[in-house]
Every structure is written in structure tokens, then in C-alpha cells.
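Next, two complexes with chain A in common: one pairs it with chain B, the other with chain C.
The block that comes next holds the complex of A and B.
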């Protein structure tokens, strides 16, 4: 009985969703000769993932290597953004003068499309790979700064009053009050940022080339291999979902 | 500045060889006396110092197109190792990407559009940077594709297109691959030869080839000029037809070159020569028609052009069809060697692109055509390399060609030639 409830509540709705999705896809594929259907795509996905880690030189590597390379770039760019963005968020949230000083700049730069930063990166770093990492960095730093600052700002005044009464040092205030109270906000920022970072890497790699899932898609598009492009869409989506889930897990562990 | 940097790092024996090179270079530039010196002496002239390549690994970029073949063959058939280098090929995403990676040193050299190199050297279509052309990689083998929608309305050639554009007013969209590149120039020249101004009468945009095909499929693109296999692919995918091949516009026109920065060719002359020799040998190999099918098989691989073999091999072997029912064997198919005539970096070829850049307003002023071409095209390096692998070198640095509209280009009065066109920006 309980098992059936679990099935009905948690597995049945997504299953229906997936089936409907496949049916719509099949109908679309039937009416368009260029779009391959689910079965054809599945066949080429099986072929593709049967050997994900082959290496035929720098211009032809397995899908696994491409995903790992992209994840590596995201890791570096995202890590740097966290390293700089989170402390900056604390400062911005804590010191009103700096908040007022930086907020017009942040508000102006935040909505800029991440790819607009790529030429700047290429000019400054004089290499494609750092430029791609730079794009990840710049597009994932804003949510971290803004959310961290917001977390600091919403801190109840009472907490700080207590701190003042107890005559706590700024360091103690940070470790005992600010950090724990801000953590949920910070994690929201990080989650938003990783989503953006993964979104952006595909586009950035399309432009810069090299080994990575983005350039892989570009190369398959050059070949007009639509099945592989569809597979890549799923791969990008699933990896993005996994990253997000990982961070939600992490957030749950740290929430007080 | 480069000069002093080189001398401080060079070995003493390099030093003396450089001076010698400079002297011979001055003589060559001044009077062309070098062409009277017998082959053997000339080869000995630069072999006086150490001629071992300074770099063992040479990173060479390419765009997945049929005409990257000589670089791929040089690497796959190991012609590079014969001359003491290893060509590391890197597939690039776009011409803009090639330009940026050449400029910032991530690539040592690249398979690149003739006009792009000249544009970057003059600071149009990219940040100004001194560039070099080591050799021409191929002649011919590009085409202009028009959409099947136009065919349905009876447009099968340039003259009919002109009538259509005059009769039915709408936005006609044509695409090319890079603003200063070869395809832009062929497209503009072809349209203009039928009285269509490519900048005023129609819309011309720069997009990558797959996007051209995708847009043509949905009826958003009337025509494009691009290298093979894309034009054959448009027929294969039943979205367009070949209205003109570029060899119709200019028989044996220069197309892709082996390009690098001036810094590279000055700093690593031995490497540059080794690269030229390896590619020359590959070019010779490809132009033996008995090898062409095998070449098509090699370059169709996922590492290189990544394309079905049947799309690539026909036109590479000179078998053309236009998608309108006409089939022919083209005598002016894509050539990579042609007895060495393809590869010589004629000054007149380079200058032609400058005249067209001027014609279409990319250059505001007339540049010093001859001086620019002399600076970019590394005739000396090429001659030295060619003599080593016994490739004949033409006597004259200019050649005379007759283009589709009947005008003759011989490199003699570029300023007058550039100003002579009726249809212009």
C-alpha cells in the first residue's frame, strides 16, 4: 500500500511527463525530415557513450573527455568567482559606504550578456582558455556578491546589538553571527551562479574551440549531425541538473 | 624592435647568417637579381648557417573545409617529420577565432583566408598586427550557392538574379564568411559583375557556414559564398544550387594561404621553411589525381572536416554537378600544387585583395599596395624552401589574370584598377 502511494505520488507524474515529451518529440520528428526521432537519437547515443573516453588526438576525443574538460573550466572560473565574490559580498553588505560606491557599477554590469565579456578576456589574457574561464568568472560572480550582501543586510539588528553589548571583536561577529546567518543566502547565490556558469560554458566554448562540450556541439553542427546535437542538449541538461542537486544537498547540510 | 630581440637571443652563427640573409634580401628586393642566381647557389646561401628548425612542434590552426587538405596530409602522411618538425593541427571554431589565436600566439600558423591576413595587417577586420603569408595553399574550389526558393522563381544564374532583384523589391540576404575574406570578395565581385551592388541593393552578412545552410533551409537566406564541401552539401541537402563556381569568376584564383604573424616568420625562419617544404610535398601528393580519393577519405574523418565522404569526394576529384541537372568535369577544380604555380605567393594576388578592400570601402585610403604585399608575402622564404624540394618558382612576382567581367589584373597600376570599377561602395 505504502509502496503504491510512493509510486503514485513521486514516480507517476514525472513518468507521464517524460512519455508526453517523447510523444511530442516523435510527432515533431514525423512531420519534419531534418529532425531525428527519439529512437534514432537513442541509437546514436548508445554508440556515442559506448566509448566515451577515446582519444584520437586533440581534434577528436570522446564525449567523456569533452564533458570533463568543460567541467574543469567551470570549476576554475566558478571557484575564482566564489573566492572573490563571497568576501566582496560580505564587505558590500556590511559597509554602507562601499555598498553605495559599488552598487551602481554592479547593477550596470550584471545584466550584460556573458558572451560580451569574451572579447575583453581574449584581449587581456591573449589565450582562448583563460578567456573562457574569465567569462565563467564574470557571469557567476554577480549572484554571489548580491546574495551574500543581501544576507548580511537582512541580519536582525538585535543580533548586532547583542554583539555590541558583549563587546565582541569584528572577527568574532563575523564567525559567530554574520557567517551562520548569511549562509542560506550565500548558498542560494552559489546555486544561481553554478547554473549560469554551466549555461555559459557551452556558448563560450562554441566561440573559442578546443576540447569541451560546447565546441563538440559546434563541430557536430558543422557536420549538421542533428542527433548528436540533441544528445548534447540532454547531456548539458543532465549535468546541469546534477550540479544543482549536489549544491542543494550541500545547502541542506549547512542550513541551521 | 623585433630585430634587436632576435639578435640578442640568436647564436653567433645565426647572427652572421641573418646578416647575410638581410643582404641577399636587400638585393632581391631592389633588383630581383636573385632570380638570375642558379638554384644550387641560392639553396647554399641560406644553408650556410644552421638550418635546423627552431621549433620542433608547430601549432597550425585550420577550419574544417576541403581546402585544409594539404595541412592535414602533411601531418597524417608525416611529411612534416621529414623536415624536422611536427605539425600539431588544431581545429578552430571560426575565422575570427583563427585571427585571434594567430595574433595572441596560441597558433604559430594557420590555414586562413587570403584577405583576412591582409586585413589584419592593415588593421581592418581585426586589431592591427604585422602579418606574413608563407605560401598559397590552394586555387579554386569555392562556389556561390543560391536558394531553391530562387530557383522556383526561375533564377538560375546571375543575370536572372539581377532581373529578380530589380523586379521584386524585398530584402535579399547574402552571406559570406569574413568581412575582408576571400568569400566576401568573390561574392561581391560576382554580384557586381551582374550590376548588383552587394552593399546597397542586397543585404550581405557574415555568418558561419552551418548557419548559412540552416537559414537557407527556412527560406531566410537567398545565397552565400563559401568553400567546399558546403556548396555540394547544399545540393545534397536539397536546399540550394551552385550558381557559379569561383573558378568561373577568376580561373586559378588564390584562396587560402598559410598565414602567420610577421613575428613568427622573423623569429623562426627555419621552422617556417620546414613548414613550407612539408606542405609543398603534401600539395604535390594531393595534386596527383590518383591520390585524390584517398585524400578525401582522410580529410572527411571526424578529426578534420567531419563530413560524409560523398559530400567531399566529388568536387575534390573535379566531378561537379550544379543541382540544376548539369554535370561536368571541371578542368579548374580545386588545385593544391599545379606544378608549383598554386603555391607561389604572387605579390599581385595579395595586392588584388587590397584593391577590392578599397573598392568596397573597407580601406578608406589607397594603401601603398606594392609595399604592403612585399612586406606580407614571404617570397624569399618561399623561394628558399621551394628550391630545397625542387619546386619550380615563377620568374615574375606578378601574374596576369582575366576575371569574369573581362577586366585584366596584372598588378601594375593597383590604384587605377581599384578606382576603375563602376559598381562600388
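The block that comes next holds the complex of A and C.
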């Protein structure tokens, strides 16, 4: 009985969703000449993933290399953004003057599409790879600054009173109160940032080229290999989902 | 020492959008060493404000506050505070919460083992040795408040300041903690200032009850000496004529002479 309940509540609805999705896809594929159906795509995916790490020169590498290269760019851009954005968030949240100083600039720059920064990156770095990383950096820094600052601002007065009554040093206040209290907000910022970064990398790589899942999509479009494009969409989606799940798990560990 | 804590002509006003709001006016109070004082009054009468002034969390607009003949210029470890909502840090265990306070006060003169020893002792005093390694979310409200008391006492403060420490607890837990507090205070000979709105609590615990008039510009209306012998037992006191007299004395002050403006 219990097993049936688990099946009925947790497995059955997503299963139905997946089946319906495939059916709609099949119907659409049947009525269109160019769009391959699920079965054709599956065959192609099996072939593709049977050798994910071949290397035939810079323009022809396995899907595994493409994914890893994209993840690498996201990692570097995102890491740099965390390195600068999180401390900046603490300062913005703690010092009202700096908050007022920076908030109009942040509000103005935040809604700009990260791709608009690509030409600036190309101009400054004179190379495609650093420019792509630069775009990731720009897209992930805003949520990190904003969420960290919000966490610092929402620090309960009670905790600050404890700090004052116990007469804690600035270092102790930071390590024992400010940092742990802000951590959940920071992780929300990190989650938003990595979501955007993974979203943006595909578009950035389409423009910059090189080895990467985004450029791979563009390359397969030029080869008119539509199955591979569909596979790429699934791959991007699944990797994004895994990143998200990883961070949610991390955030759960630090919620009090 | 006769005048351990001195409050002289203290006035406290806050700037608000509608102008200056005078919360406290002409407060004069002398507290002897080892004395247990409760501040009682209707909500909004500024009793917590007075406590925060002694804690140094607020600075008076006028007048002066002294503790052991030194002016109170800010919060300090010589005045331990127990907050109404316990204010434990949720990411630290009970032990770590208390250790944080111990470390700050004694790390200059004592080694690690001694600091740990002090922390263990403080938690043993409130009977929480078994919960040392638990996080605040894993223990009950009464236990949290006991950790709060342990944290304040572990600093060996000159004065223990308690802001409605048992206000958020159920009646049975409250009674239990009051009894424990009576024992701890007798054991450590602490000077205590406690804010409360519970008449029985005030009579049971205090040497003197400071009754405050209603705000704005609240002040001390009357000070009632409680001469009941110690140790006190709540069951024996329940039928005691002197206890009844003191109790009705406080009630009369609160509900006849200084009834809450909204209730009147």
C-alpha cells in the first residue's frame, strides 16, 4: 500500500508528463519534414554518447569535452564573481553610505543583458575565451552582491545586541554572527547566479566560438544536424538541473 | 556596598517623526549589591528602556547611570543580559553559545581548559549538562532560556539584567525556572534587575519591586520592599498573609492608581 502511494504521488504524475511530452513531440515531428522525432534523436544520442571524449582537432571534439569546456568557463567566471561579489555584498550591506552610493549603479546595470557586455570583453581582452568568461562574470555578480547585502541588512537586531552585550570583537562578530546569519541569503544569490550563468554560456559561446556546448549547437546548425541540436537542449537542461539540485542540497545544510 | 547600581535623574527621549517623545523622566534608583529588583508596569511604560539603559544598549538623554561607581558608557561584560527571546545563535551549540561569552571575558587570563571548565560549570548550574552539544532548535523554549541565563552568568557579571525572561514560556515552565533562578541567585549572590509584568513573579523573587507609572514620560511611581524571608517557597507563600498583602499592593498600584490608559 505504502509503495503504491509513493508511486501514485511521486512517480506517476511526472511519468504521465514525460509520455505526453513525447507524444506531442512525435506528432509535431510527423507533420514536419525537418524536425526529427524522439526515436531518431535517441539513436543519434546513443551514437553520440558512445564516444563522448574523442578529439579530432579544435573544431571537432566529443560532447563530453564540449560540456566540460562550458562548465569550466562558467566555473571561472562564476568563481571570480563570487570572489568579488560576496565581499562587496558584505560592504554594501554593512555600510549605508556605500549602499546609497552603489545602489543606483547596480539597479541600472543589473537588467542589462549580459551579452551586451561581450563586445567590451572582446575589446579589452582581445580574445574570445576571456570575453566569454567576462560575460559569465558580469551575469553572476549582481545576484551575489544583492543577496549578500540583503542578508547582511536583515541581520536580526537581537544578534547584534548579543554581540554588543558580549562585547565581541569585529572578527568574532563576522565569523560567529554576520557570516553564518548571511550564509543562507548568500547561497540563494549563488543559486540565482549559477542559473543565469549557465543560461548565458550557450549564447555567449555561440558568439565567441571555440570548444563548448553553445558553439557546438551553432556548429550543428551549420551542419543541419537537428538531432544534435535537440540533444544539446536536453544536455543543457539536465546539467542546469543538476547544478541547481546540488546547490539546493548545499543550502539545506545551512538553513537553521 | 549600598549603592552598587545608581540611576540619577535619568531622562530618555527618542526623536520621532512627530517630534520628541519622552519615554522616561526623573528616574532615580539606587540598588545595593546582592539585591533582587523587579521593574513592573504596564506595557509601554519604559521598563525595558530603563533596563537597556543599565545594560548600556541605550544612552540616556539626560542624567547619569553608574555601576560600581563607574559611569555606564556602553554595554560591557560586567552587566550580563538575558533577553526576552533568549537570543541564542542558532548555528552554535549550547556549549558554543556560552563559550562565546566566557572566551570574551576570561581568555586573557585563563587557558583553554579553564575556559571549557567555566562553560561546563555554567551549563551545569542551569541543569543542562546533557544538552551541551545540542543546537538551540533542538531544545525546548524553557531550556533555551536557561542557556541564555547560563550565558549571562558565565561572564560573572556584577549585575544580571533580565528583560521579561520568562514572558514567552508556559506557566508551569515559568514557575520551574523561577524556582531555579531563586536557587541560582542565592548560590551566586547575584545582583539582579528583572523586567516583568507578572505580579506573582515580582513578589516571589524580589527584594524590592519598582512600580512604574504609565508613559509617556513614565517615572517610578512607588517602590515596594518585600520583606519575605528567604529561601522562599511558592507553596508556603501562596497562603501567607504578608505575601497576599504585597500582591494586592502591587495590583492596586497597577489597576487602581495607574490603570492602563487604554483599559481605563
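Everything that follows uses one rule, which is that the second predicted complex is superposed on the first by the 256 of 256 C-alpha atoms of A that agree within 3 Å, B and C clash if a C-alpha of one lies under 4 Å from a C-alpha of the other, contacts with A are read in each partner's own complex, and residues count from 1 in each chain.
Quick note on the criterion: a contact is a pair of C-beta atoms (placed from the backbone, for glycine too) under 8 Å apart; a residue touches a chain by one contact, two chains touch by 3 or more.
Computed from a predicted model, the values in this text were never measured in an experiment.
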Partner chain(s) touched by A:221 [first = chain B, second = chain C, both, neither]: first
Touched partner set for A:57, first chain B, second chain C, both or neither: first
Partner chain(s) touched by A:208 [first = chain B, second = chain C, both, neither]: first
First (chain B), second (chain C), both or neither touched by A:174: neither
Residues of chain A that touch chain B when the two form their complex: 34, 56-60, 122-123, 126-128, 206-210, 215, 218-224
Complex contact set, residues of chain C against chain A: 55-57, 74-77, 79-81, 83, 85, 87, 89-92, 100-101, 104, 135, 137, 155
Footprint of chain C on chain A - complex, ascending: 158-159, 161-162, 164-169, 172, 176-177, 180-181, 256
Residues of chain B touching chain A in the complex: 64, 88-94, 97, 100-101, 104-106, 127, 208-210, 213, 217, 233, 237, 301-304, 306-307
